[in-house]
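Shared between the two complexes below is chain A, which pairs with chain B and chain C, respectively.
And now, the complex of A and B:
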């Protein structure tokens, strides 16, 4: 492991990069005001794919930390389960990444949804502890009171420029 | 001649006029014109110069200094200057109030031509002995630096005796300077001084005095921002720190130390300093530090935190290698530093090239490319040592996407090789590697994947000039297959580039082999798609001058003579692409238009006649009803006409004007005889003519066009005929303009009284086009015509009023095809602003109308805002903004949508922030209900975007709305439409981040 420039040592110096998914195609139904578009896995994935990794100037999608197939949505029952995969099993940033995903979804989803954020089974040495931490509402709320922590989280979730939908006028 | 000044008058003037000392009106002129003696002036000033009060002495000294400044530079004689120098040097011992004036006096003396030889040393000595430079005010320090600037370089020979003392004096003067304005001057003055002096044992001390500013940390205040920038200081400092070779031993370690800093600015400044140093320092000096330099640069270039740092590090590597390549030892075998560094670069990068998916892959490839860009030997080294490994890596991959990335990287290297002329033609030694790459590309070009194919073709295009005849034969066969095959757009584009490259280097082979054999149109055996593709490829080649005259006549012939719809369509489409790709200024591709007019015997006239005949015989000519063909014909005709010379245009007019007259005269709205196709084609010819092309009977033609415009049931015919009439009105000479306008006015008035609602509506729209044509040419009585249009807006019938209101959009928008500068129309500067100001009365008119009937007026105002410049709008924003906001509360979704788009445009322009800040209490409450507008998702989307942009306004004004807006956006993130939800997430994040950043700052 070599020291990074001007900061603490990076845990994963040369992570594998993954291709970004193409932008979602707009269907004619999505342009019809009278059709209801249900929340689906791709929509949730689009919300969290651009969150920046706390360590690298790369998005969670590029590092394959979040994947569309690991976002499970049940629109009728108002539940969303997001599972993420840290790049290495001893990644010390795993909790922070989980918190970033939680906060982003808190900002971006209507309050009717119950959101669960977990680590992919077997992807981290402290999986159980981190899952417990992320599921504990009070601990999450307490973490968000910590000004230093919220600064780091905000830097990750506001890093990417906003994406707007296409306006198509008939 | 009488002396204009007596002692008393001079003293009186000094006493009563405070500006006298700074300007000294006429004193210098009186002296230079011999009306006053310099000595007499000094005698007159005696009392003030010897006054016990320091402020009086300062005034006297300043008057003398100012007079000397304004005198001609060779006026004062050497012995006079000697006395004056002694006087000013003596004044430096005086009270501190007198010193600034004395310094100005010395500065004036140094600008003189007759300075005595011993004066510079005397001045320097008295400066050093009597003054503490950094104890003076900043403007006086600047004068001292200017004195040093004028003292050292021009009088270096007389100061040589001072030896190291001279350097020491300069160092003492400049050490500790803090004022950015003075630093800018120092950084520009010092490099040349340092270069001409021998710093000796003071080299390191001098460097340290300057190095304390590195990296520059400067945040200019609001008023300084326009005068001095951080970058200006940083660039100046880098010039000082790299001024002489002996600074290399200090500058390089300094830059490397700061490069380790976590602060981005320090990294960037260090990298720029290194780059500058590598350009300035001799290779031997740089080579000493090669190992630590590479250690730092490799780290930043491979895993630097952001793109710019990595990019600058790579640039530094390029400059470093370029510097080392100039070393005398470069060709002395393996031990030379450049070879050593290159092998380090290769060792660090090559291993990262094995796996594409890793983060270091692209930085490593870029680093190698940066090394190759440095010098031909480096390029050759990388080609021979690295590219074979890359080829090996390529062969281990099966995925086409991965293989295409390797091919792209190799192609980038080949482009560099080509730019340095490192090819087998110049260097036989690299032939094996070159052949290896060629075989790689040729085999990849036979691959099925479009991705890989595209990259292989790109590489082959680069290699084309170096191919031998058998390799070229193989390439031609490959290209012929791709042209005939169904390929992706990117591959076809690459085919085009490759074909053009062959055309440039081997034109004879294109004439003998490619055009008659590989792209033969007769051998298509009824295969339509094959004909299409070959026709397209022929037109690609037609863009190159040698082939234009061979290809274009045959293309035109096929269009005019073929009876196959498909062949006509393919030829028109290929020809359209050819004339479309030509730049507006008709630069190097001008030959295409010349050829269309000359070799194709006036192609426009022939095409127009052919089209008219086809329309007449629509039963036999099925293509007339084909919309694509119609559009292509119009496009080709208009584009060729607008690029033709006036003489060619006259020829076209001679052929086509009688046709236009006959069409207009025989127009019958009830007939279904393809009016659209005919009028569109004529607009394509006549809408693009130069202003001075004579058009007989244009007056009657305009009236006929009016009749077509209001009589037709087709929208496109109405637009084409109105726009063509507007184009005539815009270009016609002023003499016939008045008559034509009077005819049109009569027609418009009669339609108002006698016409149906439909006809009056179309008349209003026609009137809008005429206003556009007139406003563009700067017509003096434009306001009268705008008033007519406003009258239509006030019509009782809603349809007419709406048609007129929409005209303002037509007037303010740029017309994309016709009626613009490209179509040779007269376009005056600021014509839209004039319309805006003339039509602004509509705002006041609307206030007289009842609220429920204001709709057309509101629409007209919002349309007016579309094309007006910021500067004009900002002075009237207070007047129009209330109407924009009122439109948001109307029922019509169309009006709301248009008003929201206008408001959103305003919100994205910082120039309007101040005005919008004043209306924030009206804006947000009107936007909030629109974010849940039930009928239109577009309204919801634009309203949310407006809220997103509102967050850029003053945060303290937003604060009262924060809770309300966030609650509303929470509703929006649960909207039924996905597009709305996406925008709502962006807006909500923006509002949260604004307040978060405010809290963060606190």
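And now, the complex of A and C:
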């Protein structure tokens, strides 16, 4: 990850930190292979909560950029709508954060899902323009062929999740 | 009521063509209809033809590789059928021909700053157009063998240009953009300058694609706003009394089909034989629209008459639809699922 010191001045130097959610409780039904287990909001949240912020060595969850209540899933209709909240309304990283969420879900979910990633209404000065860009699959496809950009995105996505290191220690 | 079961128009699944790895972006027919071309994320142009005569199964005949370094977005045949142009995210357009017996890339058009989204040949075959995310539309003239000269760089759009299409009879170029508008261009006979002669504004989001009807008096457009729109041209001195300032033809939106597509509409094709309109939608469905018999020419009504059946349909976004040039009702579609599908529209009669 990009270190938080030595680089150019950060836009939001002292972001508010939020408590991380407890690990998901696994129910007996989920362990039963005979029970159909549709995707739910918590699963989508678990996929994106540990994406690293492009600027801070913190997860999107810890910055409250993503929240479980803002992950909407309709498994039957194959739709997933994720709304995210940039830490400040003029955040220049908002498009990149949205792209990271899109790419993570693209890799992790079956291709039947239609994923929409949007900014929380009123949370950004360029909300409409960023939403339009994130929804344009042709521009997203072209962006993902840019080797520099995909490197930055992958660094954000594949940051070691804190929960994972804890499991190993135990 | 008649005891006969009511025959309804259907879109019958014919065949699936598999081969592309990753998203298939576009399908196009050779002008004679004996070849189908497809392209996509895998940077390969695939040429498909029938095995054992016109009734045979479609199979892959050949592949064109190494022409582009990135996604191939669209492939377009010249009207004579001898040349193939491919536009790519690598910012170039390649021209292929078979002079040596095999398809080879014999010219590359360079100049756009980034991704080339679309390429189209004018009816004369002497002019072609390309458009790009760099917001420009370029007009190229065929100078001589394998030589192409840029005749105009058109800056009228304010955003990414998604599609270029030529008028079926006149040298009029139409373009569709992320700036929500469609623009028309033609060469001014007095100074040979290409200029924007019309802006068609009505869509509320990206216009992904456009298609002229057979005579070029109407244009269909489809958009990220989920609608299909029909535009009609009104020439100076028209009977309807539509004013034509500057003495230029005026394009008016005469019909909006909304509430049918549930997601972005990525492509539209207007069949020049049957008058049917096909759309490719982000909800995985191919839809067929037909103008009603009692339709008022100045306020036409178009009905959804058939849709692709889920059991044989695409499993992801449909990106492209193309009507066969000579077989009425034969349609090809390309999808994010990587498959090309062939369909036959069957009327109720």
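Structure notes:
Note that the second predicted complex is superposed on the first by the 155 of 170 C-alpha atoms of A that agree within 3 Å, B and C clash if a C-alpha of one lies under 4 Å from a C-alpha of the other, contacts with A are read in each partner's own complex, and residues count from 1 in each chain.
Definition applied: a residue touches a chain if its C-beta (ideal position, glycine included) is under 8 Å from a C-beta of that chain, and two chains touch if they have at least 3 such contacts.
In this text, all values refer to a predicted model and were calculated from it rather than measured experimentally.
In the superposed model, B is the one of chain B and chain C that contacts more residues of chain A. In the overlay built on the shared chain, the residue A:145 is in contact with chain C alone; chain B does not reach it.
By the touch criterion defined above, A:154 lies against chain B but remains apart from chain C after alignment on the C-alpha atoms of chain A. When the shared chain is aligned, no partner comes close enough to touch A:76: not chain B, not chain C. Of the two partner chains, chain B is the only one touched by A:16; chain C is not. Using the contact criterion defined above for the overlaid structures, shared-chain residue A:112 touches chain B and also reaches chain C.
In the superposition on chain A, A:137 makes contact with chain C only, while chain B stays out of contact range. Contacts of chain A with chain B, set against its contacts with chain C after fitting on chain A, overlap at residues 111-112. Put simply, chain A touches chain C in their complex at residues 111-112, 114, 132, 135-139, 141-142, 145. Chain C contributes residues 23, 41, 70-71, 73, 89, 114-115, 117, 133, 160, 162, 178, 205-206, 224, 263-264, 282, 315-317, 336-337 to its touches with chain A in the complex.
Remark: chain B residues 260-263, 267, 299-300, 303-306, 352, 355, 357-361, 401, 897, 935-938, 941-942, 945, 948, 970-971, 973-974, 976-983, 985-986, 988-990, 992-993, 996, 1000 touch chain A in the complex.
Against chain B, in their complex, chain A makes its touches with residues 2, 4-7, 10, 13-19, 26, 30-31, 33, 36-37, 43, 46-47, 56-58, 107-112, 150-151, 154, 157-158, 162-169.
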